[in-house]
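Note that subunit A is present in both complexes that follow, paired respectively with subunit B and with subunit C.
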Partner chain A sequence: MIRRRDLLVGGAGALALAGAGLRPARAADEVVVGVLYAMSGASAQVGVDARHAIETALDIVNADHALDLPLAKGTGLPGLGGAKIRLVFADHQADPQKGRAEAERLITQDKVAALVGCYQSAVSNTVSATAERYGVPFVCADSSSPSLHRRNLKFFFRPAAHDEMFSAAMFDFLDAQRAKGQTIGSVALFFEDTIYGVDSANVQRKLAGERGYKVVADIKYKTNSPSLTAEVQQLKTANADVLLPTSYTTDAILLTKTMAELGYKPKSMLAQAAGFAEKVTYDTVGDKLQGLISRGSFSLDLAAKRPSVGAVNALYKARAARDLNDNSSRQFMALLVLADAVNRAGSTDGQKIRAALSATDIPGAQTIMPWKRVAFGPDGQNTEADPVLLQWVGDKFVTVFPDSAAVAPALWPMKA
Partner chain B sequence: MTTQALAQVLASGLLMGLIYALIAVGLSLIFGLMDVVNFAHGEFLMIAMYATFGLVLATQLDPVVLMPLVAALLFALGGASYLGVVRFAMRAKANQGMVQIFATFGLAILLQGVAQYLFTPDYRNVQNTWLGGRTLEVGGVFLPWPQIFGAVVSLAAFGGLHLLMSRTDFGRALEATREDQGAVALVGIDRNRVFALGWGLGAALVGLAGAVLAVFYYIHPQVGASFALIAYVTVALGGFGSVAGALVAGVIVGLVEAFTAVILPPALKSVGVYALYLAVVFVRPQGLFGRL
Partner chain C sequence: MTSTTLPAPAAVPATASAARAFAAKRRRTLLVGLVVFAGMAALPYLVRDVYLQNVLILTVMYAALSQSWNILGGYCGQISLGHALYFGLGAYFTSVLFVTYGVVPWGGMLAGGLASAGVALLLGWPCFRLAGHYFSIATIVIAEIGLLLVHNWDFVGGAMGIQWPFNPDSWWTLQFARDKVPYFHFALGLFVAVWFVTYLIEDSRWGYWWRAVKDDAQAAESLGVEVFRSKMAAAAVSAFFTAIGGGFYAAYVSYIDPESVMSFRFSLLFALPAVLGGIGTLWGALVGAAILIPLTEISRSYLGGTGSGLDLILYGLLVMLVALARPEGVLSLFKRTRTARNQEAAP
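Showing the complex of A and B:
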C-alpha cells in the first residue's frame, strides 16, 4: 500500500533532483549579482523602474554596444574570460527586516558575488550590515542617507552623492540667490519619519544654522499618512521663504494636494528629490509644482555634456516606457560601476571585488551623470559625485545649478 | 495658536472624520450582522478608487455622477466575496473565527496583488473633476470642496442607512438575522441571502467612500492599508456593529488626529487616537455605542 506520506517524501525527493538538474551551472561563465528593491508595497513602482534600469545596464555589459561606458563594447566581462552577469532580484517590500532576510538568502543560497540596492535608506542600512558580515560587496545605488557610509563598513560602496552633499548644494544655491539680491531669511523643514527624512533634516537644520537661515518650521510627519492637513496648516502659518520637503512619492503627492486645498502657496520649494524626482508626482500634481527645485543626480538635459545619456535613455525607455530619472539613472550606474570592478578583479571572490571597487577610477565622461569621476574614499563614498539642482519648468526638469552644469538660470521665487 | 488656525484644525478634523466614518461604517455593518471582521475592507476601498478612476477614463463623466455606479459595482464585489469566500470560511467546524480572519486577510492580499498586476504600482490621480482642487474660504478657514462633498455624502449615507434599517423589510431582516441567525430560518428568511446582501451593502458604502476619496487622494494598490487601520479603530471605538457608533467615532478620530498633530510632533499624530481608544477600553471595552 502506498501511503500519502511516502508519496510526499518521494515527491519532494524527485523535486529536489529535478531542481538540481535545472540549476544553471555555476562556473566562471557567469557572475551572479543580487538586486534588492521593493517590488510590492507603496514604493513598488521605484522597484519596477529599478529593475528596468539595472537590466538596461546588464544589457550594456553582456551585449555589444558602441557607447563610451565601462564594458559597453564587446560582450560580457573580458577579465573573466567573457563571463556574463546574471541578476537575481529580491523584493524587500521597503521593510528593513525583510531586506536583511533577503540579503542573507541571496548570499547563502544564490551565492551572489555582490549586492545592489535598495532605495530606502533604512533598508540599505540592514542589507549593507548583512553583506559586511558575509564579506560580500554592497553597491548602494540610490540611498542617500549620510549615516550609511559612516559605519566603518569595508564592503559598502556608494557611487552617488549623499544627503549632506545634496543639502550643501541646496544651501550653496540659496547663498548664490542671496548674493544675487534675493531676500531669503527663513526655511521650513518638512520630512518623513524614517532614516531618510530624519538624516536629511538633521543636515539641513545644521546647515541653516551655520549659514544664517532661520528655521521657522521643523515638522517630522508620519510617512503614508491618510491626511497631512494639520501638518500643512503649520507650514502655512510659518510661511517660510523656502520650504524644504524630504518625502517619498505618496507623501509628495498628498503634500502638494493638501497645500493647494488649504490655499498655501509656498514662496519657493527646494526638495530632497525622492518623491519629487518621480515623474508620476508631476503627472498627478505637476501644475502645482511649477518652479519647484529638486536636488538631483541626473537630468536628461545632461545629454549636451554626457554623450551616452540619449542612447542609454532610449534603451531604458524601450523597457520601462518612461524616461530615466534621478533614481533610475543611479540604479543604472550602480551595476556598471560594480561590473567594472568585477571585471578588473577577474574573480567572483568578495575580497578581490572589494579591492577592485576601492581602486575604481571611472572618468565622469564615461558615466551618464554630472559626476567628475567615480573614485571611492576609504569609507566607500564617491567624493566626486557632484550633485545638481533641477527646476520643474513646463513639463520637464531643467538643470539650474551649479553654473558649470546649468542649462538655464533658476526662476526664483517659484511660480506655481 | 490663533482662533483662525484653531477653526481650521477643527474644520479639517471634522471633514476628515466624517469621511473616516463613511469608510468605517461598512466594516461595522458586516461585523454587526455576522461577527466577521472583514480584513479586506481597505482593499474594497482601493478597488472602489480604481473603479472610479477607470470609469472616469472610460466615460469622461465626473466622479460625482459615477458614484452610484461605483457603489453598485462594490455591492457586487461585496456579495461575491461573501458567496465565494466567507460563506465557506463560516463552515469551519473548529476555530471558525480564525478561519474567517485568515480568509478575509487572504482576500486582501489577493486583491492587492491583482491590483498591482493589472494596474501597475504607479500612482493614479483623477484629473479635471468638478470638485478637484476647489476650495471654499470662510474667514480665512479653507474647506476643500471634495472633502465638503465627502462629508455631505457621508451624512446622507448614514441617514439613508438609518431609514433602510428601520423602515424596510430588508432592514428588519438584517436586524432579525443579527439578533438570532437560527430563529430567522424558521420564519423563512434565507440566512445566506441576507448575509450576501449585508456584505453587498457594506461594500457599497465603502464604494461611496472610495469614489469620494478618488477625487482628492492618490490611487495605488496599497492605498487601502492606511485607511483600513483607521477604519478598524473607528469601529472598535464606536462599538462593534454599531452604525451610530461608527459615525460618532469617525468624527472623534478625525478631530483627535487633527488636534494631536498640533500638540505633539505630527509624526505621532495617530498616538492620540490609539491612546483615546485604550482609555475607552478601560471604561467601556465594548466601545462607545457597543452592546454588551
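Showing the complex of A and C:
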C-alpha cells in the first residue's frame, strides 16, 4: 500500500518535472535569472517589495529607457545580440534549508545563469554555498552580515555595504564633527540581543576605542521587552554625548517613549537604521526624534545628486504603490549590476559571468545609490559602497553625510 | 493464513491460536517492512532530478523524526511539543564537534543522541509529574528556553550560527557537494532503525506498559505498571533518535543557526506526520510524511514564488480535512476497509 503510494508521489513529481521541461524551449535570446526571497511568512512584505524592485530593474534592462543607468537605453542585452532577461522567483520562507533547496532547483531545473537574493543573512549563507558548488554567480542584494564575504567564495558578489562599513561611516561622521569643533567625548551603546544588535555593538565598541571615544554605557537589552525603564535610567545617568541605539521598530518606539517619560533628552542620537529607519516609528514618536541621525543605504533626496533616482522611484511606485527604501533600492541595483556583467560576458556561462562581475566598474553616477563606484574586491565585496547618514528634520529625512551625497549640513547637537 | 491450511484442532485453547495468529501477523509486518524499505532504497535511482531527490530526503527524514516523536507521543501518549530542543541538541553537538574539534559527524551524532537522551531524563524528572496539557505546555516552554540559550551563547556561534567548511565528498564526513543519493540512504537508514526499534518495542514489556500508560495511567499503575519509569524510558529513546536526525540535518544543510534548527515549527513538524498518518502506529509517520512533505515542498516551489500564499492555504486545508474526516489518521481508512472486509467474510 505504502510502496504504491510512494511510487505515485514520485511518479506525480516526475510527471510535473517532465511538464516543466516541456515549457517553451529557451532560445539563445533569453537569460534566466533566479530570484530568492521570503514570499510568505513573517517577512513576506520584504519579498513582495523585492519582487517589484527587481521587476523595475528588469523593465529598465529589457525595455528602452532614457536614463543614465547600465543597459537602460535600447532593449535587452546588446552583448548577447539583444537577448532579454527572464526572472524566476522562488520562495525560501526565511529558512536556510529551503533557500538551499530552491537555489538547487533554480540551477538544475530552470538552468538560471545567476542568482539574486536573499535578505536574511542566514539564507544568503546557504544559497551562496550552493551557488558556489554549481559554479553559478550569486549577487547578494541586501544581506549585510560581514561574515558572508569572508568565506573565500569565488561566486559571491555584494554591491552594497556590509554592517561594519555602516558603523565605520557613523564614526567617520563623528570625527568630521569633531574636526568642525564640536566636543564629542563619550558614547553610549544600546543594542538588542540578536545577531544584528550584538554585531553592531561589537563593531561600535571597537571603533570607539580606536578613535578615542569613551564608552560610558554599554547596554544589551532583550528584544521586544515589555519595559525599558531600568535601561533608560542607566542611559540618563551616563548622559553620553552621543547615544548609539541598535533596535527594531517596537523597541525603538518604546525607547523613545520611555526617554520622554523619564525626562531624558540625549544630546545627540546616531542610530543603526532598522527601527529608526521605519516610517511607523516616525508616525508614532517622530516629534520626539527631531534631529536624530540614522545610517542608511539610500535616500530619496539623492535625486539632487543622482538624476535617475526620481525616474526609477516613479517606475517602482507605479508597481509597488510605495517609495523606494533601503532594501528595495539595493535589490534594484543588484539586478542592474548583474545584467551589466552578463552583457559584458556575452554568455550565460557561470565562469564567464563570474569573470565579468569581477571586472565590474560602474561609476556612482550610473547608480541610484550614494556609492562612489561598483567594483568588487577579490572577496566579492564592493569596497566603494558608501553608506549615507540621514537626519530627521521636520517630517522627512535629509542626507547629511558624506559630503559627496549631502544635501544639507547636519544639525548638531540634535534638538528634540 | 497458516491456520487455514492446518487442520483446526478443536482442543487447542483460543488463546494459543490467537498467539499464533499474532506471531504470524508480526512476521508479515516485518516482511512487508523489508520489501517496502528495499523498494524505497531504489527510489533515488528512479528519480534523478536533484530537486525531487531533496524532497525525498526531507520526506524520509521527517518520517524518521516523526516516528521518533511517535515513540513518546504515540505509544506512550505524552504529547511533546518541544522536540525541537533534542533536534537542535543533535544539530549543535554534531556541528560544534565537527567544525571546532574535527570529530566526524558520526561521533557527533552519537554524542548528541546520548546527550539528548540524558537531557530528556533530566527534564522528564520534573515534567512527567505534570499530566495532559500541562506536560505539553512545559515542553514548549523548555524548548523556547533552549532556543534563547543557544541564541546568546557565543561558543556555539550565538545568533551567527555555524558554517560547515567545504569538504570533498566522503561518507566519513557526510559531505557530498552535489550528490543527493548518499543523504537519502542515510535518512532511510535512520528511518529503518527507528522503525525497527518501534517494531521491537511494540511486542515488548515496555511497549505494553507504554500503551497502558497512554490509555489510563491510573489504571495501569494499579496493575503494577511503573508509569513514571515508562514515561522516562520512552522519552529517552525518542530524544536519542530525534537528536541523530538533527545531526543529519546539520550535515545535510551544512549551516545551522538557532532559528533554523530549534524554532517551534520543528516541534510541530515532528508531530504532524504521525498525527496525520495515524498516531501510535508503525506506518503512520511514513504515510503522513509522504503526503505532507511533498505537498508542502512542491506547492511552495511551484506556487510560492507568486507570493499569493496559495501553498499555505492548501496545506491548511489538508490538515483540516484529515482532522475533520479521519481524526485517527489516514491509516485508519485502510484499517476500516479491512475490518469491514473481514466482517463480510466471517459469516
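Simple rule for what comes next: the second predicted complex is superposed on the first by the 284 of 416 C-alpha atoms of A that agree within 3 Å, B and C clash if a C-alpha of one lies under 4 Å from a C-alpha of the other, contacts with A are read in each partner's own complex, and residues count from 1 in each chain.
The rule is simple: a contact is a pair of C-beta atoms (placed from the backbone, for glycine too) under 8 Å apart; a residue touches a chain by one contact, two chains touch by 3 or more.
Since the model is a prediction, treat every value here as computed from it, not as a measurement.
When the two complexes are overlaid on their common chain A, residue A:Ile195 makes contact with subunit C while staying clear of subunit B. Between subunit B and subunit C, it is C that contacts the larger number of residues in subunit A.
Contacts of A:Val88 after superposition: subunit C is touched, whereas subunit B is not reached. In the superposition on chain A, A:Gln97 makes contact with subunit C only, not with subunit B.
Shared-chain residue A:Tyr134: touches subunit C; no touch with subunit B. Touch criterion not met for A:Ala66: it reaches neither subunit B nor subunit C. Residue contacts after overlaying the shared chain place A:Thr250 against subunit B, while subunit C stays out of touching range. By the touch criterion stated above, A:Ser40 is placed in contact with subunit B and with subunit C alike.
On subunit A, the surface touched by subunit B in one complex and the surface touched by subunit C in the other have residues 40, 44, 47-48, 193 in common.
Interface of subunit A with subunit B (complex): residues 40-42, 44-45, 47-48, 193, 219-222, 224-227, 229-231, 233-234, 237, 249-250, 253-254, 257, 260-263, 280-281, 283-285.
Subunit B meets subunit A in the complex at residues 2, 5, 8-9, 12-13, 16, 112-113, 116, 120-125, 127, 133, 135, 137, 142, 144, 146-147, 216-218, 220-222, 225-227, 230, 257-259, 261-262, 265-270. Across the complex, subunit C meets subunit A through its residues 35-36, 39-40, 43, 46-47, 49-52, 54-56, 58, 151-152, 158-161, 163, 166, 177-178, 249, 252-257, 259-260, 283, 286-287, 290, 294, 297-298, 300-302, 304-307, 309, 311-312, 334.
Contact residues of subunit A toward subunit C in the complex are 1-3, 5-7, 9-10, 13-14, 16-17, 39-40, 44, 47-48, 51, 88-91, 93, 95-98, 100-102, 104-105, 108-109, 122, 125-126, 129, 132-134, 145, 147, 151, 193-196, 198-199.
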